[in-house]
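Everything below concerns the one structure shown next.
Read from first to last, the chains carry the letters A, B, C and D; within each, the first residue is number 1.
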Amino acid sequence: MTALQVIFLATAAMILFSAWMVVTRRNLVHAALYLVLTLFGVAVLFVLLEATFLAVVQVLIYIGAIAILMIFAIMLTRRVASDDTVVANHNAGWAAMLAVLVFSSLVIIMGAWSQFTTFASPLTRPGVPSNELGQEIVAELGQSLVDPDAYVIPFEVASVLLLAALIGAIVVAWQKDK
Amino acid sequence: MIPLSWYLILAAGLFSVGLYGVLSRKNAVGILMGIELMLNAANINLVAFWRYVDSDSIAGQAFAIIVFAVAAAEVAVGLALVISVYRLRKTVAADEIDMLKW
Amino acid sequence: MEIWDQLGEWLANLIKTILGALNLPLDWNIVVLKLIGVVTVATFGLLLVILLTWIERKVAARFQDRFGPNRAGPFGLLQAIADMIKLITKEDITPSGADKIAFNIAPILGVVSVLLIWAVIPFSSVWFGTEINVGVLYIAAVGSFGVISILMAGWSSNNKYALLGAFRSVAQLVSYEVPLFLTLLVPVLLGRTMGVNGIVKAQDTWFVILAPLPALIFFISSLAEIGRTPFDLLEAESEIVAGFHIEYSGMKYAMFMAGEFLHAFTIAVLTAILFFGGWQGPGAAEFPLLGLIYLFAKSFVFYFLVIWIRTTLPRVRIDHMLAFNWKFLTPLSLVLLMVTALLEKAFEADALRIPVLFGANLLVLIITVQILRIVSKRQQRELKTFEPRPVAVPPPAEEVSA
Amino acid sequence: MLDNWLFIGLFVLIAAVFPATPILINYFIIPRKPNSIKQDTYECGVETVGETWVQFKVQYYIYALVFLIFDVETIFLYPWAVAFDQLAFFAVVEGVIFILILGAGLVYAWRKGALEWS
C-alpha cells in the first residue's frame, strides 16, 4: 500500500464517520461542527485529485462561509433545535433502506462501467513544466470562464443567480424591527 | 496509486448518508446539511471524473465551481426560509410546517 | 553571504547523508525532509510570538509614557519567559456546563489558523516553506478556521457573553473579509499569479505604487481581522466583558493571545509581501539573507504602525464599524478592482502603465473624498434641523446632599 | 505538485501539535482545586439566569449572507485575474460586468436598509 492510498483511506474514513455524525447527532451545533470536518476531508480529496484551486475554494466557501451561515441559523432558531426531541422523524427506517438501496445500486451500475477501475494518467499540459502546471490549470479555468465558446454564459448566469439568491434571502429573512 | 473506483464508491457512500439525513432529519437546518453532503458527493465525482477521464480539458473543474455557486445560493435562500418560518411558527421541524394543505 | 549558502547546503547534505544511512525508502526521505522544514518554520513562528509580546509591550508603553517591562532580564527581555512560566503553572478552569471537546479544540484551532499562513510566506528568493500556486487564496482560506474557532469557543463556554461576543466577532470578521478578498485580488491581477512568491517576484515596481488605495484598504481590513483597537469590539471589555474567550484561563487563554500576537505580525508581513515588494530590494536576488532582512525590516515598520494605531485610536461603535465596511470599504474596493482591471488591460505593456494606474487611484481618492464631503455636509444639515438638545439642568439641592 | 501539498499537510499536523503540547503539559502540572463557585459561569459577577441561549438579531444572519454571496463571486474572479495576460479586452469587460452585477446586490441590500445595525 502506498502512502497516497493510506492518506486516501484515512480521509475517506474521516469523511464517512463525520458525515454519519452530521445526520445523526442530536445537538445541531455538533452536527454543524462535524459538517466542517466532512467538508475539510473533501478538500483533502481535492488536493489528492490535484485540483488544488478547488480544494482551497472548498475550504473558503464551505468552511468559511456556508458552515458559519448554518451555525448562525441554528442559533437564531435554537430554542427548538436544542430540544431533547427525537432526531429522526418516523421516516427514518424507510430512509435508511432507501439510502442503502441507492448506495448499492450506484455501486452496481458504476461497477458495470468499463473504466470503473482506471488509474489516472499524469496530469500534463503540452510545453508546461510540472512546477507551473497548477498555475496553468487555474489560468485555463479563468480563460474558459470568460470565453464565449466555453462557459461565459454559466459564468454570468452564476452571477445573476447569486444576485437573485441575495435579494430573495434578504426579502425572506429581513424584517425591520417594529 | 488510487483507482477511480475508490473515489466513486466514497462519493456514493457520502451521497447515501446525505440522502438518509435529508429524509430522516426532523429539523429543517439538518435537512439542509444533508443536502450539502449530497452536493459535496456530486462534486467529488465531478473532480474525480475530470482527473481520471478528462484531464486534458477543464470542464470538470468549471462544473465543480458552478456547483459551489449553486450550493451557496441554495443555502442562503434555504436558511432564510427556515429563519422566516421560525419567526412565524416558532418551529423548524419540517413535519410541523404544514400550513399549505393543498 | 556565501557562508550562509554554504552552511545551508552543508546542513542539507548532512541530513541527506543521515537519511541515506538509515536506509529508508525514497518517499520517506522526502517526508522527513519536509518535516524538518515544517518544524523549522513553525518553531520560528512560535518563537516569534515571545519576541513580539515583548516588542509590543515595550512600544505600547513608550506611547503611553511608561517604561514597559524592565525588571526581568536586560530591558525586560525575559518578561515573556516569566509570563510563560506563570501561565503554564496556572490552574485551568473549565466552566460547568461547557462542551469539553469543543472548548479544548478551539484555542488550538485559533493558533493553527494563524500559523498555517506561515507555510507559504517567502522569506527570501530561495527560502520559503513551500510554494503553492494558489497561495493567496490559501491564506484567505486558512483564516476561516479562525472564524470557526471563535464560534466554537463562544458556543462551548456556555456563557451568554461569550456567545454574544463570538457572534459579534464573527459578524465583524466575515464583514471585513469582503473588502479583504476584493483587494487581495488586485495583487493577483497585477502579478498574474496566485503564488505568493510569484507575486513578490512580479514586483519590480512595488504594487503599492500601482495600487495605493487597495493597499490601504487591505491594511485596514486586516486590522479588523486581527480584532485590535480601533476594531476590538470582539473584546470590548466595557461592553461584553471579554468577548468569546471570557471563560478561558491559563494556557488556553495564552493560546488565544499567542494567536492574536502572531496574527498582528502576520498581517504586517502580508502587507509587506503583497504590496511592498516582500524580500525585493537591491541585491536581494543574489544574497538570500539580504532578502530576509528586507522583508523583516518592512514588516516591522508595519507592525510598528499596527501598535501605533492600537495605542492611539479609540474603539469605534459597532454600527459605525459595520457601516464603514459595507458602505465605504466594500463599494470602494469594487470600484478600484474594476478601474485597475480595465486600465491594466488598456495600458498593458505600455510605458504609461505606472503613471496611469497611480493617477487613476489618485482620481478615485479625490472623487471619494468629494462624495464623503457632500454626504457629511448633508448629514450635518439634517442634524441642525433637530430641536436643540436640552441643556443639562443641575439637580435640586436636596438630592445632591443625599 | 503534490510534494508542495505534502508540506502543507505536515504543517497542519505540526501546527496542531505545537499549541497542543503546552496545553497538555499544563494539564499534567497544574494544581486542581475545583469548586462550584470557581467553575460557575462568569457573567460580571451576577448569577446567571436562564439558559445560555438568547434571542439573536437576524442582522447577524444578513451580514453572513451578504458575505457568502460576495465570497462566492470573488472566487470566480480569481482564475479570471490569473489568466489576465491571455484575456482579450472584451473578456476583461465581461469580468467587469460580473463585478457590476455583484455591485447591484450590494446596492439592493443598502437601499433595503439590510446593512443597518440597529
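Annotations for the structure displayed:
In this text, a residue touches a chain if its C-beta (ideal position, glycine included) is under 8 Å from a C-beta of that chain, and two chains touch if they have at least 3 such contacts.
Fair warning: this is a prediction, and the values are worked out from it, not measured in the lab.
The interface with the greater number of C-beta contacts, when A-D is set against C-D, is C-D.
If each chain is reduced to the average of its C-alpha atoms, the one that sits nearest the average of all protein C-alpha atoms is D. Taking each chain's centre as the average of its CA atoms, subunit A and subunit D sit 17 Å apart. The distance from the centre of subunit C to the centre of subunit D, each centre being the mean of the chain's C-alpha atoms, comes to 14 Å.
Distance between subunit A and subunit B, defined via averaged C-alpha coordinates, is recorded as 7 Å. With each centre defined as the average position of its C-alpha atoms, the distance from subunit B to subunit C rounds to 33 Å.
For subunit D, the set of residues touching two or more other chains reads 1, 5, 8, 53, 56, 58, 60-61, 64-69, 71-72, 75-76, 78, 81-82, 84, 87, 95, 102, 109, 118. For subunit A, the set of residues that touch two or more other chains comprises 2, 48, 50, 52-53, 57, 60-61, 64-66, 68-69, 72-73, 75-76, 79, 123, 134-135, 138, 140-141, 145, 158, 162, 165-166, 169-170, 173, 175. The set of subunit C residues that touch two or more partner chains comprises 31, 132-133, 137-138, 163, 167, 170, 174, 177, 193-194. Remark: the chains found to touch one another pair up as A-B, A-C, A-D, B-D, C-D. Taken in their complex, subunit D has these residues touching subunit B: 58, 61, 65, 68-69, 71-72, 75-76. Residues of subunit B touching subunit A in their complex: 1-10, 12-27, 29-30, 32-34, 36-37, 40, 43-44, 47-48, 50-53, 55, 58, 60-62, 64-66, 68-77, 79-84, 86-87, 90-95. Note for the complex: subunit C touches subunit D at residues 30-31, 34-35, 37-39, 41-43, 46, 87-97, 104, 107-108, 111-112, 115-116, 119, 129-133, 136-138, 157-161, 163-164, 167, 170-171, 174-175, 177-178, 181-182, 185, 188-189, 192-194, 241, 246-247, 250-252, 254-255, 258, 318-319, 322-323, 326-327, 330-331, 334, 337-338, 341-342, 344-346. Residues 65, 68-69, 72, 75-76, 79-80, 83, 87 of subunit B are the ones that touch subunit D when the two sit in their complex. Looking at the complex, you find that subunit C touches subunit A at residues 27, 31, 102, 132-134, 137-138, 140-145, 147-148, 151-152, 155, 163, 167, 170, 174, 177, 193-195, 198.
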